[in-house]
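Each structure below appears as structure tokens.
Shared between the two complexes below is chain A, which pairs with chain B and chain C, respectively.
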Partner chain A sequence: MHLLVASIGFGLVTASILAIAAVGFTLQFGVTNILNLAYGAIMTASAFLAYAITTSGLGIWAALAICSVASGIGCVLLNRAIYTPYVRRGTGLFGMIIVTISVSLVVEFTLQAIHGSSFVSLSLPATRSYHFGAMVFTGLQLAIIAIAVLAMLCVHVLLRYTKLGKAMRATAADPVLARSCGISTGRVIDLTWLVSGAMCGLAGVVLVINVTSFDTSTGGEFLIPIVAAAILGGVGQPYGAMLGAVIIGVSTEVAAGLFDPTYKDMVSFVILVGFLLLRPQGLFAEIATQKEVVA
Partner chain B sequence: MSAAWQFYFATLIVYLGVDILAVWGLNVQFGIAGIGNFAFIVFQATGAYTMAVLTLGPPPVGSFQQYIGGASLPFPLALLAAGLVAGLLSVVIGLIGLRRVRADYQAMVFLVVSLIATSVVNNLTGLVNGPAGLSLIPKPFAGLGFGLVSYDWFYAGMTMGVCAIAYLFVRRLTRSPLGRAMRAARDNEHAAAAVGKNILGLRMTAFVFGGVLAGISGALLVAFIGAWAPGSWLYPETFVFFTAIVVGGAGNDLGVATGALLVPIVFLETTRYLPNFAAPGVVDALQWVMVGLLSLAFLWFRPRGLIPERRQRFKPDPATQRRPAPVLASGPAAGEKVGLDD
Partner chain C sequence: MSIPTRRASARWTTPLTVALTCLGLAACGGTSTTSPLTVAAFNPFSGVDAAFGPEIMAGCNAAATLVNRSGGVIGHKVVCSSVDTRGDAADAVPAADKMLATTTNLVGVIGPSSDEAQATVPVINASNVPMFADTGEAAFDKSSYRYFYRIIPADDVKGYALALWAHEHHYTRAAAVFGNDIGAQSDVPTLLTAFKKLGGKFVINEKLVPGQSSYRTEVEQLLSANPQVIFTEADPQTSATFFSELRQLGRLLPIIGTDTTLEGPWKKAVGGAIGAANLNQHFVGMQPSALTSGPAVSVYTKAVHSSTYGTDPYSMADYDSLNLIAFAMLAAHSTHPSKFSPQIVRIASGGPGAVTVHTFAAGAHALASGKTIHYVGAAGPIAFDQWHNSSGAFEAVDSKGNVIGMVSAADIAALKGASPTG
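So, the complex of A and B:
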């Protein structure tokens, strides 16, 4: 029992990281209709930027802010410079997957060429640990949970109560209709890349705050639970992704705590396969039909 | 030619044969049937592990490697078994991955399957020895008394022989009514379903056919190199085959074979001869960067590849012409009315 509660505690931390990443991933896909498999590589890039910033003497909080902004701007540029031109040239849905994986390889292995394949860890401020019953959190882990809750609230407010959020949902539902209603879909898509890119950068940094060490493939490997959480919630559904993140995060950590850490990825896999067989459209949504990407 | 160069060229020919088999398999799945199988390397790996386990014999007590099963089958039987096991796995994975979803969504599902397969093999060390992999896989026909170099030439010849046999099957499939129906299902699923084609059945057929070829290619490769580990089949390896197909021309058997010559052999081998200008590992990393840039470049400048798929042309069916057709005109048989011109 004690072990179960303790591993639920770890699960909450994992779920928080996963929620930030999965909501960004699914938002990107839902609004822009591009399944960006370079997401993990961008998280890694952001983590290494954080490493560079913290080793240069600035604190981890400065690194979080800088990495989010840099990743957001980077994603806007990535979309403007690479993705949109390919879409305009008539690259199909599967062609775009090849484009995003190419970008992923270029980013990941450029980092590896620069940095090498050694593991590094961030130098983090020492924090005391807090006990809640059997759950133990370090101060940083509490901060991660707080950041995730704050980020989810921001996404909720953005989508429900702002004009931009309304425009995003309209663009996701029907880009042509949205455009003919006077929504500047190009601007909405730029802003979506900015927001989701910032979440991607944020997720990359909080991921490596929570692990002891990381290398250039860390973000790419984290893509499995991200995709699992996104599929679980229905790809393109931010609220589904939040729920998916909690389910995947907690269940993987409980499995790791009760049985064996090596079963972590397998649990995501079993949940994923089960969902693909029983409810491939996810918990929340009808599956996105064969629509083309908005240029 | 010195022995070292002969050895090198024979090895390259074996690799070429293995890559050609693999891209044909992937081309039937992706180029013909339109399935973006990003887990392709898993099926090659399955064939390789099957070959290894079936020729290594039962693991001796206290051996440095542990694996399930273990038999000492003769090479041709093990080769067929490798194709069979990979084909069976294709059925299982196909049931999960071939559901009717968007092309990109499907590719993502397969990508996850590939990542998970690596993690399963790494973690269940009792299965095929985990991250350390299997080694000391016996060389087939080693008892025939070949010299070191002549054995490699023999193996290269055998690989090419398997390729030639596989080509007969591949050609037969891609140019048959079945292949046309697969293309129809790829180009317009609803139209193909409307003329009575079983879409899932066609895709599953293509998927299993490709899986069997992948398994055989993996088995040939592992019997030659003698070792196999999760590091040999990480998900970017599938991407090399996709790059070969994009470069060569998806849907064209000879095009993709050209791609297999150009991308994994010419392009990745020549970079070996670059002067070692940086720290170890940098050139390897840059190779992957170049593979990414290569497929980006081809998708931009020549998206249909070097040798594009031929446009299918069919004679108009006399039965559907306005003008009364001659009574004894021999049109295509009734079952073959595909009529998708583009």
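So, the complex of A and C:
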């Protein structure tokens, strides 16, 4: 019982990282319909930027802010310079997936060419452990949970209470109708990439705060649970991605506690597959799945 | 000046075409008289085991430099080329096919590693190219591959060495924390058997799934089992996360790692995660023992030009591998692998009347004088068994690279033959 409760606590940390990443991933997909598989590589790039920033003497919190902004701007430029030209030439969903995989490889190997294949660690402040019953967290892990909660609140406010959020939802639901209603879908798409990129950068840094040492493949290895959380929640559904992240994150750790940890990924993915058999559209599904890529 | 007629042109064109075709075929089908001979470093140069490849290239290039400085092999220079397997069998098989199909004058392969050996050893063997594998997998202990050679100890031997070191330090309750990949898991069965034979008990055996953002549940389980010592091998990032969380959740325990944990990236990642001082205090890694002095080592150390690889037993073994290939070609007067390959065992084993040599220059000179040679290189004496495997003693090394103890080949052999206690 002690281990089960502790596992739930550990799962919350994993879920927090997953939630930041999965919400950013699914938000962008929902609006643009581009399945950006370079997301993990961009997380890694942000982590290396954070490493450079902390090595230069600035603190980890400054690095978090700078990496978020830089990643957001980077994603807007990535979309404008690479993805949009392909979309305008009529590249379909699967073609765009190949383009994003190519970008992912280019980013990963560029980082490797610059930095080499060795591992690096961020300089992190020493924090003590906090006990909540059987759950144990370090100060940094509590900070990760707090950052995730704050990020989710910001996304909620953005989507529900701002004109931009409404425009995003309208563009996600039907881009042609949104455009004919006077919404500048191009601007909405740029801002979506900015928000999604900022969350991607944030996720990359909190991931490496938790794993402590990383190399150029770290973000890419984390992409599968991110996509799983997004799919479980309903593709393109930020609220679904939040819930999907909690289910994947907590079930993974609880499975490790109850069964052989070797099978912890398998157990969470069995849950995913089983759930999708019952509800193929995911937890939250409002948007039609048969959209075309938005230019 | 007369201009050739169409008929005259045709008269010259046909033999020229035939001659050029023959030249082309000769270049493709055999070794041309002066073109360089290639030894391929077939190992991961990217991915989680990206450190393996440069380690091989360091030893290979050092040996090739010295071979070429001594005039090369039968008029050929020797070059080392890198072939990236990415540490994955799915990538390694096409990489092997491409290497075998496109590399001109491929006379030997250094590799594959455990990551891709099962998939690629048959492919390389079928092409009749001798390979010096750096896999420890026990599956190759008694393999029937003619062109397979291994001068690093098998993993089952490694398991005995780890258990003996723990026993020497009076540990009786141990945890096995290994990655779930084939390379790491191949160490585990003999480690479990050996530690039990010595009267020890494994309180937990954890297989870590690599690349997770957290191993806190596994750490909690380990702490609940209350071991005195942790035996480990996992990739750098997995290990860094695991030991960092172990430090956060409880206390660091003594860690006995395999030779993989002595790689630079592992020490950098884990040292960065738990602190260099903690790593130095709690960690020791066991690696195949390499000579630290002697004529072969001093020549190797000068040639390798690297403090990182200067004392690396794998780089030393790779250096010796290229020398063995070069000697075998000289002894057989041939650069055709099927002809020179049988000489490899003879040169490593010596035999009656053989002159012991430690460098390529000395060996080439002796062979040119019509003598037989016994090569004892930077990694020490090599004694191939009938399956082309050779192993020796192990040394315990701290995180700073200092040798702090030894486990002898005799102790390992004795333990292998002992019956379980309890």
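Keep this in mind: the second predicted complex is superposed on the first by the 282 of 295 C-alpha atoms of A that agree within 3 Å, B and C clash if a C-alpha of one lies under 4 Å from a C-alpha of the other, contacts with A are read in each partner's own complex, and residues count from 1 in each chain.
FYI, a contact is a pair of C-beta atoms (placed from the backbone, for glycine too) under 8 Å apart; a residue touches a chain by one contact, two chains touch by 3 or more.
Source: prediction; values computed, not measured.
For the overlay on chain A, clash or fit between chain B and chain C?
Because the two structures are overlaid on the shared chain, the partners are seen to clash.
In the overlay, answer first, second, both or neither for which of chain B and chain C A:V136 touches.
A:V136: touches chain C, not chain B.
Check the residue A:E253 against both partner chains and state whether it touches chain B (first), chain C (second), both, or neither.
After superposition on chain A, A:E253 lies in contact with chain C alone.
Tell me which partner A:A228 touches in the superposition: chain B (first), chain C (second), both or neither.
first
Report for A:F214: first if it touches chain B alone, second if chain C alone, otherwise both or neither.
Touch partner of A:F214: chain C, not chain B.
With the two structures laid over each other on chain A, which partner does A:D265 touch: chain B (first), chain C (second), both, or neither?
both
Can A:Q112 be said to touch chain B (first), chain C (second), both, or neither?
A:Q112 contacts both chain B and chain C.
Considering only the touch criterion stated at the top, classify A:R89 as touching first (chain B), second (chain C), both, or neither.
first
Have a look and say if chain B or chain C is in touch with more residues of chain A.
B
Could you say whether A:L3 touches chain B, chain C, both of them, or neither, answering first, second, both or neither?
The answer is second: A:L3 touches chain C but not chain B.
With both structures aligned on chain A, tell me which stretch of chain B collides with chain C: 91-99, 109-117, 127-135 or 181-189.
Clashing stretch of chain B against chain C: 127-135.
So which bits of chain A does chain B touch that chain C touches too?
Residues common to the chain A contacts of chain C and of chain B are 109, 112, 117, 221, 262, 265, listed in rising order.
Enumerate the contact residues on chain A facing chain C in the complex.
Contact set of chain A toward chain C: 3, 6-7, 10, 13-14, 17-18, 109, 112, 117-121, 129, 136, 138, 207, 210-215, 217-218, 221-222, 252-253, 256-257, 260-262, 264-265.
For chain A, which residues count as touching chain B in their complex?
For this pair, the touching residues of chain A are 35, 37, 82, 86, 89-99, 101-106, 108-110, 112-113, 116-117, 221, 223-224, 227-228, 231, 235, 262-263, 265-266, 268-269, 272-273, 276-277, 280, 287-290.
Within their complex, state which residues of chain C touch chain A.
45-48, 50-51, 180, 206-218, 220-221, 224, 236-237, 240-241, 244, 248-249, 264-265, 268-270, 272-273
Spell out the part of chain B that touches chain A in their complex, as residue ranges.
Checking each residue of chain B against chain A gives 34, 36, 38, 95-97, 99, 101-105, 107-109, 111-112, 115-116, 119-120, 123-124, 236, 239, 242, 246, 278-279, 281-282, 285-289, 291-293, 295-296, 299-300, 303.
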